[in-house]
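Sharing a structure, written as structure tokens. Questions coming.
A, B, C and D label the chains in the order they appear, each numbered from 1.
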Amino acid sequence: MTRLSLELPGLSMKNPIMPASGCFGFGKEFASFYDLSLLGAIVLKSATKEPRFGNETPRVAETHSGMLNSIGLQNPGVDQIIAKELPPLKRYQVPLIANVAGKSEEEYVEVARKLSQQEQIAAIELNISCPNVKEGGIQFGTDARTAASLTRKVKDASKKPVYVKLSPNVTSITEMAQAVEAAGADGLSMINTLVGMVMDWKTRKPVLANKTGGLSGPAIKPVALRMIYEVAQCVSIPIIGMGGVTSAQDVIEFMLAGASAVAVGTANFVDPFACPTIINDLEAWLDKMKIESITELVEGSFKEWEVPLLSR
Amino acid sequence: MKKECVQIVSQREIAPAIYELVVTGQIVRYMTAPGQFLHVKVSEELEPLLRRPISICDVDQQKQTVTMLYRKEGRGTSLLSKKKPGDLLDLLGPLGSGFPTNEVASGQTALLIGGGIGVPPLYYLGKQLQQQGVSVISILGFASAADIFYEEAFRSLGEVYVSTVDGSAGTKGFVTDVLTQQLITYDGLYACGPNVMLRALQQQGVKGYISLEERMGCGIGACFACVCHVPNGASTDYVKVCSDGPVFKIGEVMI
Amino acid sequence: MTRLSLELPGLSMKNPIMPASGCFGFGKEFASFYDLSLLGAIVLKSATKEPRFGNETPRVAETHSGMLNSIGLQNPGVDQIIAKELPPLKRYQVPLIANVAGKSEEEYVEVARKLSQQEQIAAIELNISCPNVKEGGIQFGTDARTAASLTRKVKDASKKPVYVKLSPNVTSITEMAQAVEAAGADGLSMINTLVGMVMDWKTRKPVLANKTGGLSGPAIKPVALRMIYEVAQCVSIPIIGMGGVTSAQDVIEFMLAGASAVAVGTANFVDPFACPTIINDLEAWLDKMKIESITELVEGSFKEWEVPLLSR
Amino acid sequence: MKKECVQIVSQREIAPAIYELVVTGQIVRYMTAPGQFLHVKVSEELEPLLRRPISICDVDQQKQTVTMLYRKEGRGTSLLSKKKPGDLLDLLGPLGSGFPTNEVASGQTALLIGGGIGVPPLYYLGKQLQQQGVSVISILGFASAADIFYEEAFRSLGEVYVSTVDGSAGTKGFVTDVLTQQLITYDGLYACGPNVMLRALQQQGVKGYISLEERMGCGIGACFACVCHVPNGASTDYVKVCSDGPVFKIGEVMI
């Protein structure tokens, strides 16, 4: 145990930092920048049953302090992922979280089953919240009953703990969270992207071929913090927090709001060293905050502190 | 593929809204392949958020400098254009796979076709080809006479044809008009420019290499923002402009 | 008729620009910077039946490309507004839109009735979407049936056209929009703020005394554009668009997405001259886009254009 | 209340993280009331979005310059600290109502009490009082000896007492400790500093004026971000720090 280490269902993590799904591919690109064993965990890109091309390009657009993407879950399909993408990751000492997407309950269940059977996979992240897939994808993430039913089926099929990734595009995030908790989720991942659009005055059309896309990056950080804060107070399963994290200070804030671990998405594009830099900075932050172990921070904004707050 | 804060040596506007930026840093020593690009963080803050892909236009290994030419377009390049000598610039690169220079042999002729802000990467390519004893012919297309840049630089590599859309200099029309009007014989062709131009070339069935542009997230192959369909194979097959390209064999990619 | 002028229910506007509710007080502060008659319209600060202090301070916090506010509808009450705030606005040639808030249907109805009886008031904006009021406020904005019922009652009571201001904090903005349209709304205003939070690592607490607040500014522009784009395609009443507008180019984008007029909120704090500057820039944009009247832009991103698009 | 892009004349760090910024512009001629503040846009971009309120510390009408002192804290002031002479700065102001200088008559004594970054506005106030023939005594509180700034400047106005939290200079403790330990007689009191300090003063029942800080949106009275409760009157009564203040009579506002 070190000051940064923590335990979550299925995950023994050296530190609370993991790259977010879809923002790290299957790791190999980043492996040329640093040793992936440095990471607390890795969330893999979403897997579907069959290979998917995803949406047409342009698929990304920049916004103020953020970006839109409409990748549309491009991936080689679960079998290829198992055959080609997992083996190169064997050499790293880091828990892998497989992100699972689908168009139907059956697809989710099948993909989750296959991935959870892989020894390399430590946990499943159930992506019920991708805003970029027309067929079904989103409604699993916006209707509590559908989400709960899916969670239950995937839990039954999965040999590994299941984290359900919530969509922020809902009226009541706490309702969604409580529904999937009741259905057996071992943890929550939140938030996925907010649905947005960028307009091009020259073409007079949306920039993205898919018209709308998912907003990520620092712009959505306040929404993520609010949702985590609300959900953390009404569920008892751990939360992997994400949405606009770019620095160790952000990580501190997310943990205070209620996240037990933190995923870093868009920031990896801005700086390929984002994750190791954040990990590296965390220990100094603990000193600055006079805190022994990073786990003390979790839910710190609403729990009682034994040691009094720093005076301003 | 490195990341470094390099220092700006010089920056000047060489044509309306076209800037020539020279920077120096250790990272330059990896910039040996023409056609590769750099992913540039134009601000020290988180806004604008994404890096901007800019081609390597010229490299001086002795001075350890790299030259980029860019058009001031939106927020990012506007900020970039305000940078001054001595300022730092966060570069990621060199990225992608460049132009294969061994496709034309010494004594043979290479034709470079550049349209607008597609011209820059061809310069470093032309220089390398010239050093290899290849004859270089260039066709450079611009909007008008006022927009022309680097014409002299290309003349130092060999023959240069210019086209302008409004006819104010060179052939009136597009680079493809030069290609059809002049009988140019060549052994290898390299092109970079707007998609319409590249599509026209691809349709004419010429052989050679083209450099593509696509909106990018990561620039390193991780985000799948920059994929293109490929003409043969499954409908889910693709190439990534940032890591498989930006240079592709003509016909290899659907544009 | 000029190139910038337009007609909306109750509103004859010189141009499409109006300051957004809560971001312009009752006008007097900005009157010391410029002639308010320059504006297309003015949306007044929310009025409630009784005076309100609102939430405790801190009430604002900065975020990346945005801000949070939790003012909590502070206002002197409808009677004082009529007695003290409206008279000084008589001297300006500009339509006034009275924004109405409340905790109960009765309160909304009473405030709307009183304000709509004022000759000076050209239209009512029904604020069913304030995220900063604990008692009731938000649920009118998140439940389609409640929103429709309220709209109908206010329509019955109001002598002036009623624009319903929608909350973005919902699963389906189109459902909300269609519900209030069916209930008789003359127009829509969208979007209000997204609920967010800013954490202070020093105090280990949320920055805002109210904990959560409403996110506004450029950060939310993509969400606003997307919602306007979606709603404009499924309702036939006009939309007053807002959310992160800071420039004439933003106005063009909002109109292409489907807004008939555009409100400017947070930008007024950054630059008190934001509205007149935008108005001033618009005409040059019409030239640049080779467009005769600004109304041609409305819904431009999904309607057919007679004149072909500019080539890139 | 004007808005102008003024030019930076000089900027230097006068104590750890404390910067002295001098700017020049037409707008300076409106800056006649001590205690008013300026709303500063620290970037030409939309990020950081909000202006930063900074007090007027000194004005030189002949040179048409205004001096601000600020502590480098977060994003905004960090960016501000990187500005160089010649750079432009978008100022809105002067805002709010300043210290009433006619409350102390010529020949009488004014006591200025400043804590940390609350010290700056008192300097321009002290200068004006001195010119009016008022004797000025200052109590300035800092964290430690190293953090002291403008002590000499205040000495040119009259007697100065310093307190430091760690006792490394002057009286150990807070400005209020100086006040209780020294028997200072005065006819008018003006204070600016952290809320704890102002609250302590208010509780000691002294008479005078205090300048408050509150997070601001607009700075001009339009957004209702900066309201404070008032002790008497209805529960919905309030004052706005930006336009009714930042200076209030002690006891007038609940802090």
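Basically, contacts are C-beta pairs under 8 Å (C-beta built on N, C-alpha and C of every residue); 3 or more make two chains touch, one makes a residue touch a chain.
What you see is a predicted model; the values in this text were computed from it and never measured.
Of the two chain pairs examined here, B-C and A-B, the one linked by more C-beta pairs in contact is A-B. In terms of their C-alpha centroids, the spacing between subunit B and subunit C amounts to 45 Å. Subunit C and subunit D, compared by their mean Cα positions, are separated by 36 Å.
With centres taken as mean Cα positions, subunit D sits 54 Å from subunit B. Counting only residues that touch two or more partner chains, subunit D has 46-47.
For subunit C, residues touching at least two other chains, in rising order: 63-66, 217-218.
Chain contacts here are complete: no pair of chains fails to touch. Residues of subunit A touching subunit B in their complex: 22-25, 29-30, 32-33, 45, 51-54, 57-67, 69, 71, 74, 76, 217-218, 246, 266, 268-273.
Subunit B makes touch with subunit D in their complex at residues 45-47, 79. Interface residues of subunit D facing subunit C in the complex, by the touch rule stated above, are 1, 3, 41, 46-51, 75-76, 92, 214-229, 234-238, 243.
Only residues 64-65 of subunit C touch subunit B when the two sit together in their complex. Considering their complex, residues 63-66, 68, 142, 169-172, 194-199, 201-206, 211-212, 215, 217-223, 225-226, 229, 244, 249, 252-254, 256-257, 285, 289, 300-301, 305, 309-310, 312 of subunit C touch subunit A.
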